[in-house]
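Each chain carries a letter (A, B, C, D and E) given by its place in the written order, and its residues are counted from 1.
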Amino acid sequence: MNPLLLFLIPALPLLGGVFNVCFGSRLSPRIVAAVAVAAVAGSCSLTVALWSLGAGEGTRTLLFSWLESGGLRADVGLLFDPLATIMSLMVTGVATLIHIYAAGYMQHDRNPARFFALLNLFVFAMLCIVLADNLLFLFLGWEGVGFCSYGLIGFWYRKTANADAGRKAFIVTRIGDLFLAIALLWLFRLFGTVAIDQINGRAAELDPQLLTVLVLLLLGGACGKSAQLPLMTWLPDAMAGPTPVSALIHAATMVTAGVYLLCRMFPLVSLSPTGMAAIALVGAATALYAASCAVAQREIKRVLAYSTMSQIGYMFLAVGVGTVSGAMFHLLTHAFFKALLFMGAGCVIHLAGDENDIYRMGGLKRKAPRIFWLFLIGILCLAGAPLTGGFFSKDAILLSAFARGDGLSALLWGAGVLTAGLTSFYSFRLLYLVFFGAERQTEKGHALSPLMSWTLPPLALAGLLGGLLNLPHLFGGHQWLSHWLGETAAELALPLASELGLLLLMLIFFGGGWLIAHLRYRNFPGEERAGWRSFLLGGWHFDSLYEWLLLRPYRSLCRFCWQGGDKALIDGMVEGLGRLWMDWGGYVRRLSTGQITFYLQGFAWGVLLMLGWFLLMAVK
Amino acid sequence: MIVPLEHILFLSAILFVLGLACVLARRNLIMILIGVEIMLNAVGLTLVGASAFWQQIDGQIMVIFLMAMTSAEVSISLAMVVYLNRRKGTVDVRAFDEMRG
Amino acid sequence: MNAAELYALLPQLMLALGATAILMLGAWWPSRSVWILSGVVLALTTALAAGLLEPTVSEAGGLFSAAPYARFFTILWSLLVALSLLLSLRYAKTHRFAGAEYTALMLFAAAGMSLLSAASSLVGLFLGLETFTLVLYILIAFNRNSTVGAEAGLKYLVMGAVATGFLAFGIALIYTSSGSFHLPEAMAGLQQGGRMRPLGLAGWAMLLVAIGFKVSLVPFHLWTPDVYQGAPAPVTGLLATGSKGAVFASLIPLFAALGSLAIELETVLAALALLSMLGGTLAALPQRNLKRMLAYSSVVHMGYLLLGLLSGGPDGQRAVVFYIVVYGIATLGAFGVITSFSRADGEPQEYQTFHGLGYRHPRRCSALAAFLLSLAGIPPLAGFFGKFGIFHAALKSDHYLLALVGILTALVSLYYYLRPIIVLFMQERPAQQMRRGWVHEFVVLAVCFSLILYLGVYPGPLLELIAQVLPTP
Amino acid sequence: MTADAALPFALLSLLLWLPLGGALLCLLFRHSGNLCRWISLATTLAVLGLALWAALAAPDASGWRFYEDAAWIEPFGIRYTLGMDGISLLLVLLTALLQVVAILISWGQKQHPALFYALILIMETGIIGVFLALDLILFYLFWELMLIPMFFLIGVWGHESRVYAAVKFFFFTLAGSLCLLLSIISLYLLHGSQTGDYSFALDALRQTTLEPATEMLLYAGFMIAFVVKVPLFPFHTWLPDAHTEAPPAGSVDLAGLLLKTGVYGMLRFAFPLFPAAAQRSLPLLAGLALVGIFYAAWIAYVQTDIKRVIAYSSVAHLGFVILGLAAWNQLAWEGSLLLMVNHGITTGALFVMIAMISERSGTRQLSQLGGLWSVFPNLSAFFLLFCLASLGLPGLANFSGEILVLFGVFKVRPLWGGLAVAGVVFSAAYMLRVVQSALWGETRQLERNDDIGCREWLILVPLALLVVLLGVYPAPALEILREPIRLLLATRGMP
Amino acid sequence: AITRRNPVHAVIYLVNSFFALALLFYLLGAPLVAAWEVIIYAGAIMVLFLFIIMMLELAPTPEPERMGPAWWQWLPVLLLALGLVACTLLLIGLDTAGSQGVPHWYAAPRDFGYVLFGKYALAVEVVSFQLLFAAVGAFYVGKPESLKKTAGRKS
């Protein structure tokens, strides 16, 4: 098969996007949506068709040289290796479903061209990240998804809050990008190339301390994109976008790009223990933090957003403890069930009459039983109910952490387990509040488009059965994913008993969370006091902290530079100089008094001075 | 030898400065012009002295030109004085300061 | 005196005799335009004669040189006066000038200026200078309806008379010291053991006062704005260009004759140049009257010229002569625009009368802008190469400080040159309509404008010509 | 030396004087604004065509594609020497393009149209002259020639405080120019006294041997002129005023072209003439550039006038360009020049768009704009595109230059590079603020409701295509630049 | 002469000083110049001055006392003058030529005329033109208003 066909994978969404940009506003919404869906679906089927190219070392292919100058060479080139295949399949697959869903979701929108164009472009950019064979091309995709996310979060731009959320997302992730860019520059300085495989291959030549710095920089980049501590504040706000966007970008794909990046660079990353520890620590901390926040959220999508953050924390943890397959495994399952949950949430919001607040929902189970069941599957996966995809992937990560055996790992493991409990609690809290109890919503709901409801089952299926991808030996699996990714060291050196014990522990935490949620929210009265919840609701008030710590000083700095620096100092100096000349000019001018006698005295003084000077000269 | 050249020059210099002082101090237009005449006469003295010193006639000839020139100037100046006096009714130079600055 | 010498001075004689003839005939047949136009023709003929006739002797009567250098300036001043006369055709009509007298005086002024530029002796210098000074006394006060004109005339007269005294005293002292009026001998006679004799120094001090007055160097410049403001615009044009240029033209042979003794005067000249550049610039900044601004700007330009003179050498001299030409054209043009805007009740001088005028009278106003920019030394106008030459010469002769001050003042001076331009073109307020220009005025302005542009783009030929006519090898 | 022997006419001279001819025609037919419009459009298009034709020629061994030399002012040793290598070519192309845009954007000029078009054309001659001249005085002449038309463009057709802005612009740049003149003359004299050959030719003057102190002094004189024009912090304050007050075409020319002349001057004259001094000045240059990147971005963030934001963004971008120059290697220099071209296009396009927006909304205040997308989706889409390009989104024009600069800088000075990257975040902050206030939110009071018309499409589509093309496939431009830059870097005294 | 308040007195004093100067000229061997000094300066110019003064004083002028300088007006001028005198005298005194004597010498009027109309013939021409134009100018400027009007109409 012609490797150049690989370029069609990202190119199809690009073409779709460009088509909709150029002509979308003149075509009917149906055609627009159809083009978008077709582009992504085509890309998905191509991925499947070209699957074989990705085996083993993978395939490298090159279209043209993007930037070439003085030793730098950045191609538009793809690296279709196992990691990329699996990721691109996930991206295109989930994206196809979400596109279809979106076609239904947006069918009342007057002009969806912008939406679908951006969505297509997003898929293109995401595929660039996934498939890029060099870091610069990856960076293109990296920024591209950032922009598309910006555009889509603020899609309903009339509300300033939405646009603000988009901007926040863009800028906060850009802070992360800054680190990635520095890492990129540094790597080029060190290796003279930006090709991923070369960098990975020669990473061992580097000084360990330098390596640590590089890894930390990469981590910074990943944190920004994946909403990890401390750059996580944008994700909850990003829920202002349309739900399919949240599902695609802020759950399944873009936010996992950070994880993907770290996996991509894993040969390099793994060489720095400090860096790895930092990654794991960030992951675990974020997981715990986000889970704690999710407990108190009131908006359905914000709950999911925090849960996404928390789950990505797990993935970081996985990378940090050295299991790429674990990370990728959780990434995949999470993509499925979280997309499912978001899309389900979209349906719920529709049904509840565009109501977001879960305290004002309830009793939806009777109204839409099918959605309930699908949502339940998602919740179970998220909470880590045994035998669901989420259960296996999460378990694999915790096992790996536990298996490392050192103190830090134990701590991380503990955090992971605690998080699992919290996850279970807030998942079921969500479920109960939305679907059980009395109907609390005031608005009348809309009917669901079939396009919306029928895209959920495949995802539900994928979520449920996702575990099969990397079924551990304990359950008779072959760990297909690990093998596909070429990870041989994934065999855990744990005794079976402790493995089982750990499983049991997980089960206990799952059950405990469920139980508490059941007791508290089975028949929820409607409101609960704020108190400590407001602290969690506000995400530990990180936003205000940043506002006080960074934004306000920044704004004052800006204003100071303008008024103080430019206007007062530089312009003041220049204008002051001008005024000085003017003033002196005024004095000199006043010498012309109009009096002849005075003018003649000027003569006399002049001649006196000259004579005096000549006298001095003559005497000398 | 009659006198050293110095003495002639001293005398003419003093005369010149006296004329200048008159020009500077007086406000009456006519007095200013008289001051100028004194200055020019001092110059004449110098020239005649120098002419004698170098035993050349050129210096004296210059004095003649000076005189001719002076008379031309004086005629114009006095015409101007008459003209100005007719316009402003005064010969005080302080009155002529319409333009300044 | 013989025929050859007379022949050598034919152009000047033509001017003087022609002036007399016009004066005489004008008494019998009073007509304004006829005499002014015949004055123009006469001046042009003179220029032609000076350009074509090759004199057989190099010096006439030991007073005036007939060298190419002198003839160059004869042509220049004749042309200048021709242009000024052409320019004043309408002006003379609106202000009811006596045509024959006016023409005769202007022509005689041209004769005086060219005599001054040609002077090869101190006597010649004195006579040339006095000739046109006398004429200017009258011309400045020529407009008998104007009080300011009379005041200006008075100021110039009194100051001029005193300056004449200084000039004569200076010449007398130098003569005393050296025993000769003829420039090379007179200057050589000042030397004593490689230094200048004290008497010579005293003489030079007096001489510099007179020169400083004529070309208005600080601190002898105070009369300048008043006289510029009061005098009729065409006369101011002549005063600003011809009288100053002629003095500088005469200074070049004077300094050339001085030779190495010039070092003695250097500090004083440098100080004068410095003061002129700075003082003129400063005083011009707050001006709101175009003529006064031009007066102060001329002070600055004289500072530049002095800087060029100070730099000496063929480069400096060439730069000075070129600058005189370029400055003359631009200044004449600027006053030409003022002339053509003038009305019977006065000339527009205050900036506020110029508001937005650029769009009512685009041709004249753009010409004015071009002249001002040329004075400011903005390429591609001729003023740039003028300044370029001066700074080039100054740097070549290691006058770094002066060159720096020159650059600085050139920068600051831009402000006052831009102000009228801003007023002309960048003000919303509709302006009053000015007089429609006469075709004569347009001809003059067009000539000045094209010269400014031509010399700004292709100054080579003129520079080469100047280099050829310079007095010293 | 002449590569254009095959051509039947002097291409460079034609390129140079054609706009001036157009300007004279405009002034001649000044009573018919419509005719002037077409004359100027035809002229600029012809120049563009010529420039494109010039791009087809191959460079000769010494790097010149075209070269012309003629005697001019013999007494001073000034010659009329024009030369076009890759750098000039690219910048001339940019000039030709942006001038067409400038004419098109001011199509509806009501106030004194003839003079307006004539001035734009005169400025084109000046700018092209700067990019082609190889004799220092000739260069200086064109350098100043750009000034007067710009002064009038700002002063006559500008907005509220136009006179202040025009005068400020004139003074800042003239102050620099005069230092340049002083340096040029001194260098000429030094060279003349050393070799006896008084010449202003660049090639000749490069052979001058200089004392380090003298070299530094002369170099400083050159650099002040260029740095003011660029403008580098802290000489930049004329720019926001000039930009804000200038009419659209003026802003386009100012941002797109005039600023470039400063950088070009450094590359073509200051660095090759004084390589050692240039080397020593690099840290200072880089420091100022870095400060400028941040400082300008910060100030841009709190501006209320949309034009001022873009103006400050220009300062920041030019900071990147200078930083690239300071890195002194092939990579960074190619990046700098590419960024310069890209910045010219994007910022030019942004000013064009601001003009269109303020025509419709009647204001340039960010606080009074809003919700434009719902009324003018096409217009807004273009605006968004150019804003994104300006904030350095990969795949669009600015990024390709910026990242090359960063690579080049980081290669030699990691600290500078690392700091400069941080500037990117701030650029996103102010650019998005503009997008936010203009496009999103509730729609405000508008004066017109029509989305972009035919003429505007004609302006925007080529610019947009270029922005994308230069972002995705800048190779042709880099190819043109490669050889000249290599030659520049390989010259005497340059390490 | 310079301190007199009344210009007439000043002129009379001045004539005195001219006579004295003429004597000096004669002593320095310039009899012709001395004669002209008396004739032109004392005879013509001063008489002209007197005439003008007389003519103008017919017009009512504000108190002549005020026109004279007050004592304080003299002070800076006096200082200036003293400084100038000092400088000039010192400069002259420094010159070695100063101490040499002026020889007995006599410029015969015949030689004088010969030089004047031989060597300086051109200058004489120029001066004559000057005088002519000065006369014209004086006439033009001095014309009374009424005359001017008729002249304006005629020309």
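The working rule: a contact is a pair of C-beta atoms (placed from the backbone, for glycine too) under 8 Å apart; a residue touches a chain by one contact, two chains touch by 3 or more.
Owing to the predicted nature of the structure, the values given are computational and were not obtained by experimental measurement.
Counted as hops between touching chains, the shortest connection from chain B to chain E is 1.
Each chain's centre was taken as the mean of its CA atoms, and the one lying most distant from chain E is A. Think of the whole protein's Cα atoms as having one middle point; the chain whose own Cα middle lies nearest to it is D. Chain pair with the most C-beta contact pairs: B-E. Farthest from chain B, judged by the mean position of CA atoms in each chain, is A.
Centres computed as Cα averages put chain A at a distance of 101 Å from chain E.
Between chain C and chain D, the centres computed from C-alpha atoms are 42 Å apart.
Between the Cα centres of chain B and chain D there is a gap of 65 Å. If you average the Cα atoms of chain A and of chain D, the two centres end up 37 Å apart. Those residues of chain B in touch with two or more other chains are numbered 5, 9, 16, 19-20, 23-24, 27, 32-33, 49, 53, 58, 61, 65, 69, 72-73, 76, 80, 83, 93, 96-101. Of all residues in chain C, those that touch two or more other chains are 123, 127, 130, 134, 137-138, 141, 153-155, 158, 162, 176, 198-199, 201-202, 225-226, 415.
Among the residues of chain A, those in touch with two or more other chains are 589, 592, 594, 596, 600-601, 604-605, 607, 611, 614-615, 618. Chain pairs that touch one another are A-B, A-C, A-D, A-E, B-C, B-E, C-D, C-E.
Those residues of chain B lying in contact with chain C across their complex are 5, 9, 12, 16, 19-20, 23, 29, 32-33, 36, 39-40, 42-43, 46-47, 49-50, 53-54, 56, 58-59, 61-62, 65-66, 69, 72-73, 76-77, 80, 83-84, 87-88, 93, 96-101.
Chain C meets chain B in the complex at residues 123, 126-127, 130, 134, 137-138, 141, 147-148, 150-155, 157-158, 161-162, 164-165, 168-169, 171-173, 175-176, 179-181, 199, 225-226, 229-230, 292. Within the complex formed with chain E, the chain C residues making contact are 1, 5, 9, 16, 19-20, 23, 26, 30-32, 60-64, 96-101, 104-105, 108, 111, 115, 123-124, 127-128, 130-131, 134-135, 137-138, 141-142, 144, 153, 176-177, 192, 197-199, 201-202.
Those residues of chain A that touch chain B in the complex are listed here as 589-590, 592-597, 600-601, 604. On the side of chain B, the complex with chain E involves touching residues 1-6, 8-11, 13-14, 16-22, 24-28, 30-31, 33-35, 37-38, 41, 44-45, 48-49, 51-53, 55, 57-58, 60-61, 63-65, 67-76, 78-83, 85-86, 89-92.
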